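I'd like to ask you about the structure that follows.
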Amino acid sequence: MGDISIQIGPVRFKNPVFIASGICGYAEEYSPLVNLSRLGGVVTKTITMLPRAGNLPPRIHEMPHGMLNSIGLENVGLDRYVNEKLPQLNQRPDVGVMVSVAAETEDEFIKLAERFAPMDGYAGLELNLSCPNVKGEALDQGRNPQLVEKISRIVKERIPKKSLWIKVTPNITDVGTVARAAEQGGADAIAAVNTLVGIDFDLETGKPVFARGSAGYSGPAILPIALQKVWECAKAVSIPIVGIGGIATIDDARKFFLAGATAIQVGTSLYNDPGLPERIVDALAENPEWMRARARASASPAA
Amino acid sequence: MGDISIQIGPVRFKNPVFIASGICGYAEEYSPLVNLSRLGGVVTKTITMLPRAGNLPPRIHEMPHGMLNSIGLENVGLDRYVNEKLPQLNQRPDVGVMVSVAAETEDEFIKLAERFAPMDGYAGLELNLSCPNVKGEALDQGRNPQLVEKISRIVKERIPKKSLWIKVTPNITDVGTVARAAEQGGADAIAAVNTLVGIDFDLETGKPVFARGSAGYSGPAILPIALQKVWECAKAVSIPIVGIGGIATIDDARKFFLAGATAIQVGTSLYNDPGLPERIVDALAENPEWMRARARASASPAA
Amino acid sequence: MGEFVPARAHEYHARVLSNVRLSRRYFLLRLERPRDFIDPAAGQFVHVAVPTPDDRFFLRRPFSIHDCTRDAIELVIVEVGPGSQALRRAREGDTLHFYGPLGHAYPVLPEKRIVAIGGGVGLAPLYFYGFRAPGKLGEGYRLLYGARTREDLFLEHVALERTGVSLATDDGSYGFKGNVVQLAAAVIEEEPADVLFSCGPTVMMKAVQKLADRLAIPHYASLENRMGCALGACRACVVPTKLDGGSPYRTVCHDGPVFDASVLQWDELPVP
Amino acid sequence: MGEFVPARAHEYHARVLSNVRLSRRYFLLRLERPRDFIDPAAGQFVHVAVPTPDDRFFLRRPFSIHDCTRDAIELVIVEVGPGSQALRRAREGDTLHFYGPLGHAYPVLPEKRIVAIGGGVGLAPLYFYGFRAPGKLGEGYRLLYGARTREDLFLEHVALERTGVSLATDDGSYGFKGNVVQLAAAVIEEEPADVLFSCGPTVMMKAVQKLADRLAIPHYASLENRMGCALGACRACVVPTKLDGGSPYRTVCHDGPVFDASVLQWDELPVP
């Protein structure tokens, strides 16, 4: 097993395989099934300043080729996360933690960053500027390059020693522009992509299956679209890209490296196959040369 | 079997079921398998002023949940279409023909429209402002509301008695704005959507599977995304919407009506199931009330 | 919400011992019990990966443990959609992936007179509670089971014709004529109950809650919902409750599936 | 391009008569011949819908007609990916959907001495030409068939050991030792040929084209490519040629699959 550690900004991760935000909650929940410390890390459920109750059920809906979700950022809020969830997770030595956060205003982002700035026990922040399941704010931020640059800057300034990832939306004409804005603002990586906006209807009621109508589409169906967005980001920026979307096999993960990613996150497929992230780690570690040959220089993998 | 005819602009179609552009060539090719005159109509392969050779093979690539294509608008060009393909198709009485056209400049659109203006044997034009498989032009047009409005207007002015449909791209932040621009320009319907931009990689070569890299993603995987775009268009405009994307069953087709469509087009699934469009016609005709109850007023279905 | 304690579940790859049809829509899936599969409590479930030769995407499907012996885990499954249909196709010798046991079980109440009310496939955990689980109670446990017709009383492979078990069919084709909640009211009329258990269609459990309210006794109901993780992580399977603590929502997978039914917002429950 | 004439194909739903393994990777799929299925010519193919219980998306798959009698259509299929694997699972009595016969066949040349060179599964149409198709020629038709090893000579169910048939294996485990194009050169050395037919791996057919060039005789090759419509409509299956007429591309499904090989751009052919 060779060295497949990677560097993203100021932080070194033991390998490039993560679990995507929202999939494994605060990660502790998945500890019976996944050896979390074998992964590059986990991205915990997006948290906000205050707790959120989330959307009315139903919240998920299976399609033959993926799923729609309308969780609506239910989360315990910053305080309980910092006081309870993170310390709990930190009891397991050696688990890389990326903290996903969302906020409605620049001010809130500053507050969040300042809260995390002096802390330990996490590797960095992933800013969710792309959740389609809450009213306006997050998705609109992620579609506005000026705002993306500004938010990246005000957060990065406050956590210079941590890794800052900006999670981008695929629901946009030109993801490259947003990625470039994040890079300009000092982000250490682009996490691409969040879910695609989709909708399904219940033929019996004639209504959308979710109370909010539209929802987020994820899973195997979106793989080629996610690869495309990573490919576009790779042409637009020179910071590392963390590829996300539709990964259901080791080969799917490999394709993200070919598209220009430095790391990947497993999302929806974890539900079906909780062993997948570890198998991807094993497959990559079996042949570190393969990864190293494809790693973009920016990511400075182990020489 | 009840009346399920629909009105789109100045033209009445015997039912709301079409075959999407590019799927059945110039339609004659599918005559051994599909009773074309039972459909609302066929949208023929997009033509351009001059013939185009199309992209280097390979041109299609199957994914587990859909397919990627990189045909590149291979077509016989305006002259042969008008002199050869359309007359051939017109030998079958009663086949509704929507002619799909693309052009690089406003001037070309004017020329195309003027050529068709005095002609018979077709129901209208569908402007392909959204093909992702040719360099720049078409897709860029479709992302520019001002241009969409202008092109709609200059074409509609020249074919006032025919139906003008604007085919929009899903690869855009806000499809509603583009749809509204088309409506403002005088379009009679929005055809939504064309393929999503996607890419796949060959793990053996490490390269994209297509010479041009990116390609167009279609098939069952894109259904909830296509429904979403139709839903967004339905909120933005009051002209009819022709729903396209991922229809593989009668129920899929019904969902487009629930999302706000007045008509639908079957694309990729025709390859697997050439009987599908006729079965959709039968299913809708069995219960015309269902459709009528859902038809948007703009579409003025048979009272 | 108390402190979160992760499930003691593990992922297993187990052989199918048999898969037989019980009636038109029900089948019994027997899995080899993995050696380290901990003793489940009645009401707990396993989260089963749907085998798919053709790469269709499937979330896992949750199924109550109907029986668990030293050698086998038994599930009773009703065919309702693509997932259960694909599981119907599993054959002896195939390997299925699942994790469990998951969730909170029915409480063990040795001193109490329990009336357990099951409808359709909801019999599974109540059967397990009464006849096999560690909390098995014998005398104090009465099991009432209802279905639309005789045909739907699927459990002909187990002896339901014993003391403490009563059957009801809507059409009277077997046992009590009427619905199982009416039967419960009649039974309790004769001999009082301290606690009600229920598992079945939401409308049935809602009627049981009305009965519990009238009798002013506790009621434990086992809910269903669509699931992603089944570990309390994704917040997909929540149901509205009268509780608070940041959110009125509780997860069926981890806070349930068995709930003290008095805390549930019965009018807002999903009807899966 | 001449005037386009639509295929005379129809969509059929036909019963599987049998589906048997011929060797490790080859199987023989026999379909009931629909009454109005027109007599196919050798080199034509059918476009088969892949049965999929689980909603995976499949394009149809093209397969050459290996034999067609009054009652049955036979396909010889090699397992290479998910589509052929799913077809392998089809069982007697299942219904498969296909349309055909499609495409341009090998030319019928009664006066000519033909040497037909097949590799792997490419034997199918050449077998049909020689033994069963309307254009069957007896004396003037010599069939050479090559494979890597004896094991891969899959057609043990038909009598290949007859006049006019020669076999080659790369490793000499059966028949001529060497590749089938070398065998062809040797055979033609002994008795000249007027025309070459080929069907098999692209590299093999390319070598046949070199031989044809050297001998200055015509060569008809049957190509493969990924297909969408198989009707000449979607322009997915094109190959580059030296022809013009608006485009150098010709469709394998409708202009082919059998081409006058001299017009092909051999260096740019896809190698499927």
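Some notes on this structure:
All chains are identified by letter, namely A, B, C and D, in their written order; residue positions are counted from 1 within each chain.
Throughout what follows, a residue touches a chain if its C-beta (ideal position, glycine included) is under 8 Å from a C-beta of that chain, and two chains touch if they have at least 3 such contacts.
What you see is a predicted model, and the numbers here were worked out from it, not measured in a lab.
Graph distance from chain C to chain D, where chains that touch are one step apart, equals 1. Comparing the CA-atom centres of all chains against that of chain C, the greatest distance is found for D. Remark: chain A and chain B have CA centroids separated by 35 Å (rounded to whole angstrom).
Per-chain Cα centroids separate chain B from chain C by 49 Å.
In chain D, the positions touching at least two other chains are 54-57, 82.
Residue positions of chain A with contacts to 2 or more other chains are 63-66, 220-221. The touching residues of chain B, when paired with chain D in their complex, are 22-26, 28-33, 45, 51-54, 56-67, 69, 71, 74, 76-77, 80, 84, 88, 219-221, 248, 270-275. By the touch rule above, chain B contacts chain A in their complex via residues 63-66, 68, 143, 171-173, 196-201, 203, 206-207, 213-214, 217, 220-225, 227-228, 231, 251, 254-255, 258-259, 294. Across the complex, chain D is touched by residues 52-56, 82, 86, 89 of chain C.
If you check the complex, the residues on chain D that touch chain B are 3-4, 6-11, 49, 55-60, 82, 97, 99, 225-229, 231-240, 246-249, 254, 270.
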